[in-house]
Amino acid sequence: MFGLVGRAVESLYYVCVGLWTVAKHTGRAPITKEFPDTMPDLPGAFRGRLALAVNPETSEHLCISCRQCERVCPDKCIDITAHKSPETGKLELIDFKIDHGLCMFCGLCTEVCPTTCIINTNDFEMSDYSREALIYDLKKLTLTQDESAHYFSKKYLPIPKPKPKPAPKPAAAAAKPADGVAAPAKPAPPAAKPAEGAAAAKSAPAATDKPAGDAAATKPTAEKKADDSKDSEKEKAAPEPSAAEGKAEPDKTEG
Amino acid sequence: MAPEKIEALTSTRLKTDEMIINMGPQHPATHGVLRLLLTLDGEFVKHVEPVVGHLHRAQEWQGQNRTWFQYQALIDRVDYLSGMFTSWAMARAAEKVDGCQVPLRGEYMRVIVSEMNRITSHLLWLGTYGIDLGAMFGFPFYPFREREKLLDLLEAISGQRMMFNYIRIGGVQSEAPPGWFAKVSEFVKEFPDRVDEYEAILTNNPIFIKRTKGVGILKKQLALDYGVTGPSLRASGVPLDLRKTKPYSVYDRLKFEVPIHEGDGDTFDRYVLRVKEMRESNEILRQCLEQIPGGTADELRERRKACNSCGKADCSNCGGDLMIMAKKQNAGLRIKAGEGFDAIESPRGILGCYIISTGGDTAYRFKWRNPSFCNLAALPDLLIDHPIADIMAIFGSIDVILPDVDR
Amino acid sequence: MNPAVFEIGKFARLTVIWLSIIFGAVWAACWAVGVFAPALINASGMPTETASLASEVLRALVPVVAVAVFIPINAMFMVLCERRALALFTVRKGPNRVGPDGLLQTAADAVKLLFKEDITPHGADAVMFTAAPIIFFAPSIIGVLPLLAAASGNHELFRSVNLPTGIFYVLAIASIPVVGIVMGGWASNNKYSLVGALRSAAQAISYEIPLVLSIVAVCLMAGTLDVVKIADQQKDSLLSWNIFGGGALLPYVNLVVAGLQGNNEQVQAIMQHFQAQPLGPFAAVLMVVCCIIFFGIYITGACAEVNRIPFDLPEAESELVSGYNTEYSGIKFAIFFLAEFTNLFVVCSIASIMFLGGGHAPLPGLEQGFTEMLGGILKQLPGSKEIFSPGWLINSLVNPSTVSQAFWIILKTYSLVIFAILIRATLPRFRIDQLMAFGWKRLIPLSLILLIALTYLRELV
């Protein structure tokens, strides 16, 4: 009988201890992160959306089309189109596609990249209305100079040295239409996207004197799906047109 | 009258029709996609048939069709609550075959991150076990709060919250970011108080004790017969913990107790044991932070300024024990020909990996020994003659992760 | 500012806003039907007989209007209150998106539920399936009525629902919902629902007994079944509340007070009274203990009666998916939900009327002082005699004693509701056989023993 009463009192005591422990939490600051209002403070190592960085100092595109990432990707979600430039004998990037619907964000591509070009950004909001919209192309993938600088400092990456031969490039771009004609003719494979094939010649500094409006005019025809995505994507792409536009110019000049 | 008829008439229990109930795979409480085919007599379980395989992803086959480097990224998905351990088991087996020696700092980093991972796994178990027992509106948030802190730390070092891809063949992927060690030691300091809070809510709670004591008794012999490992086995009184019985990595340099409960091996014992294990893991973390060669990552960075992080193997600031990676990580990662097995102690039990390599960049054969699968085998014996309400109490207490069962 | 204090402040603000809306709306509706409309009719120059008949009919409608307005809004608030309070207990913020600071969250939820598809599962008994939520919900409406009289301090508008056997009626009505649960569970054509419903029936039957016995104990001490009288008996102070023995300790406290004040005559008078009852002090203390235990039993039984954790077996999510309401959706589910929260409110208000002194303030003088102060202000108003003048409007709208009583009963009831939420945040769930064992082997014998003890102790005090 007394045992029973003792047990009852003891049980009641421990229930009260539990209630008190819970009630004590009322006096603590909430740990809720109000997500859309305040963005989470993500670490530099966070593996979010993949992107291609440019050199934070010279804004030249870092990709050398070595296809290491394409080979290592376990999901085979990277598709690189490149061709060998006839005048320099070097690989030139034509298009770089990543299907973020397939990507599992393992970060292996960023590890094997010899020029720290492909990086995981801290962006994780990529939801879209169709699967096709998740296939990002070169223009959507490439970061601006500022963004690249931000991620290079956040990830403690060493600033890459500028590419060895800046000299031959202006020469190549300025180098008459004759080469320009040969270039678009060669990349036959991207038959499905002929307009993008035009975005061939890489970073031609001569293109900077070209009005930006011209590039903007050629792009929408190239791919429509880029437009229905976020505005910020356009902002990202805007300062970068040199790559896409480098080709457009020789075309124009000769046509 | 025939004797059996008399028996039936005088039997103290009324005979009723048995009811067959399909619990799962979409039942809210089966922790995933386990299907239990229950035969019930009233509310009591007469027969159980666990149906597994709803989540089969051919992990072993995938390992044989991917390169070593690619498979490392995939293997975290097997046991998603303790990705560090699956990576570690594979890394250890591959290192054994390859004969490569992991640097000491790399080993310490492995122990630190995987003990953190063990705590997150047990915390999640604790929260969901509260849900299984019906304390579903307040209690689960407390363990999850601490788990969130640990996951943030693991994210900071590895890049993702659960699919870490951090422990690699030959070491660990990267050095910790600045300030990481300080945050870990801050967590280590406050964590025991938090465990006290969980215990204040649950351990002595009379309802909790009633629900768990004497329920789902796993006898020592039965546990051994089924090959149950991990906390479930230790709760039955068998002191089998690979960290202690067959110390791997740097566990022989650390002082810690393997909690063993000399009880009946009921669900309450398994609960007590896991809570103790969290405290022990915290203790291991504390020791590792003291012992790790080279000190914190920030200190090491300071030292490395002298040699400009040369990374040479004979450098006193970069090489030797202070390295974290012994093998070059690239797409062409190769393991020498041979075969080998190695096992580690995961939060759920002994996690083993058997590898046959032909020297190429792809494995010839993978075989996983997953603790959840073996522990699940004991479930039917535990459930017999328990009411429906206890199914979740027992099933929750053996802590099964369904992707780990089905692979 | 400390963010935790900030959160508590926000919770308090939300509670005050919602409660003012609820009770303001209820009282405004009652006033419009019971005071303003009859006054209009009288002033409209109708024949006197017709006018008085019409006024009578309108007055009789007042309690119905009050309940009809009160229950839906109150349930909405309680859901929000529960979610916010649980958030406070679990260091979160809770719903804070819809409307200013989440004020309209449950309103939005209710709208969502209304627009959801109403599904009747294949093989279900459609009639029973539809009737179940109604039978579950109806008792909580009619059960509240007698409590209105007690809660409003026997206001004249609610006198018609003041039954002489009020608490008996409330308890009788409160045991009907279980029929709705069993109907719903059976009609759903789902094994989990059926198990949940049968569990609920077993549970309701076993826990009704200790619940009723603890109420019986209070009635025994009060000597009446009339809720208004029971509430009135506890009006003096904290010590005359039934949870503290219904005034058993009062003479002793008076003695101490008189001794401290040095009032010898009074001390002598009280001492004489004690000599007639030598066991008095001892019995009084025991009686207080008994009453506190009875209060605990009542709370336990009430939790079981309204299926709250730790007795929420009928809808035990980890075992039975969602118990008897697994197959319900849309408006029917909303009705189940509504009724559950209303039932919680009803049992809490019964507790505060029966045990915690109803609408009376815990300290003597508080209520009187407030009433006098407010009454003084109201008298100052111009033209308070003239019909339809602002003074008349305010005077008929604000009744000082009702305001005070309403304030205290709301405070007490919602404190109990928050306590129930705290329990919900802490305790795990019983198993069905343990629940039965606890009910039949512990609570019922305990309450029987205490009831007998109380009968004797009452004579000794």
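Observations
The letters A, B and C name the chains in turn, as written, and every chain counts its residues from 1.
Just so it is clear, contacts are C-beta pairs under 8 Å (C-beta built on N, C-alpha and C of every residue); 3 or more make two chains touch, one makes a residue touch a chain.
Note that this is a predicted model, so its numbers are computed, not measured.
Judged by the touch criterion defined above, the protein chains are all mutually in contact, each touching every other. A count of contacting C-beta pairs for A-B and for A-C identifies A-B as the more extensively joined pair.
Taking the mean of the C-alpha atoms as each chain's centre, subunit B and subunit C sit 48 Å apart. Rounded to whole angstrom units, the spacing between the C-alpha centres of subunit A and subunit B is 35. Work out the mean CA point of subunit A and of subunit C, and you get 60 Å between them. Contact of a single residue of subunit A with at least two other chains is seen at positions 15, 18, 21-22, 25, 31.
Under the contact definition stated at the top, the residues of subunit C that touch 2 or more other chains are 89-92, 425-427.
For subunit B, residues that reach two or more other chains under the stated contact definition are 138-139, 142, 145, 201-202, 205, 207. Within the complex, the subunit B residues that touch subunit C are 19, 21, 27-29, 43, 130-139, 141-142, 145, 201-202, 205, 207-208, 210-211, 387-392. On the side of subunit B, the complex with subunit A involves touching residues 66-67, 69-71, 73-74, 138-139, 142, 145, 148, 152, 155-160, 163, 165, 173-174, 177, 197, 200-202, 204-207, 329-331.
Taken in their complex, subunit A has these residues touching subunit C: 8, 15, 18-19, 21-23, 25-32, 34.
Considering their complex, residues 2-4, 7-8, 87-93, 422-423, 425-427, 442 of subunit C touch subunit A. Contact residues of subunit A toward subunit B in the complex are 10-11, 14-15, 17-18, 21-22, 25, 31, 42-47, 68, 71-74, 104-108, 111-112, 120, 156.
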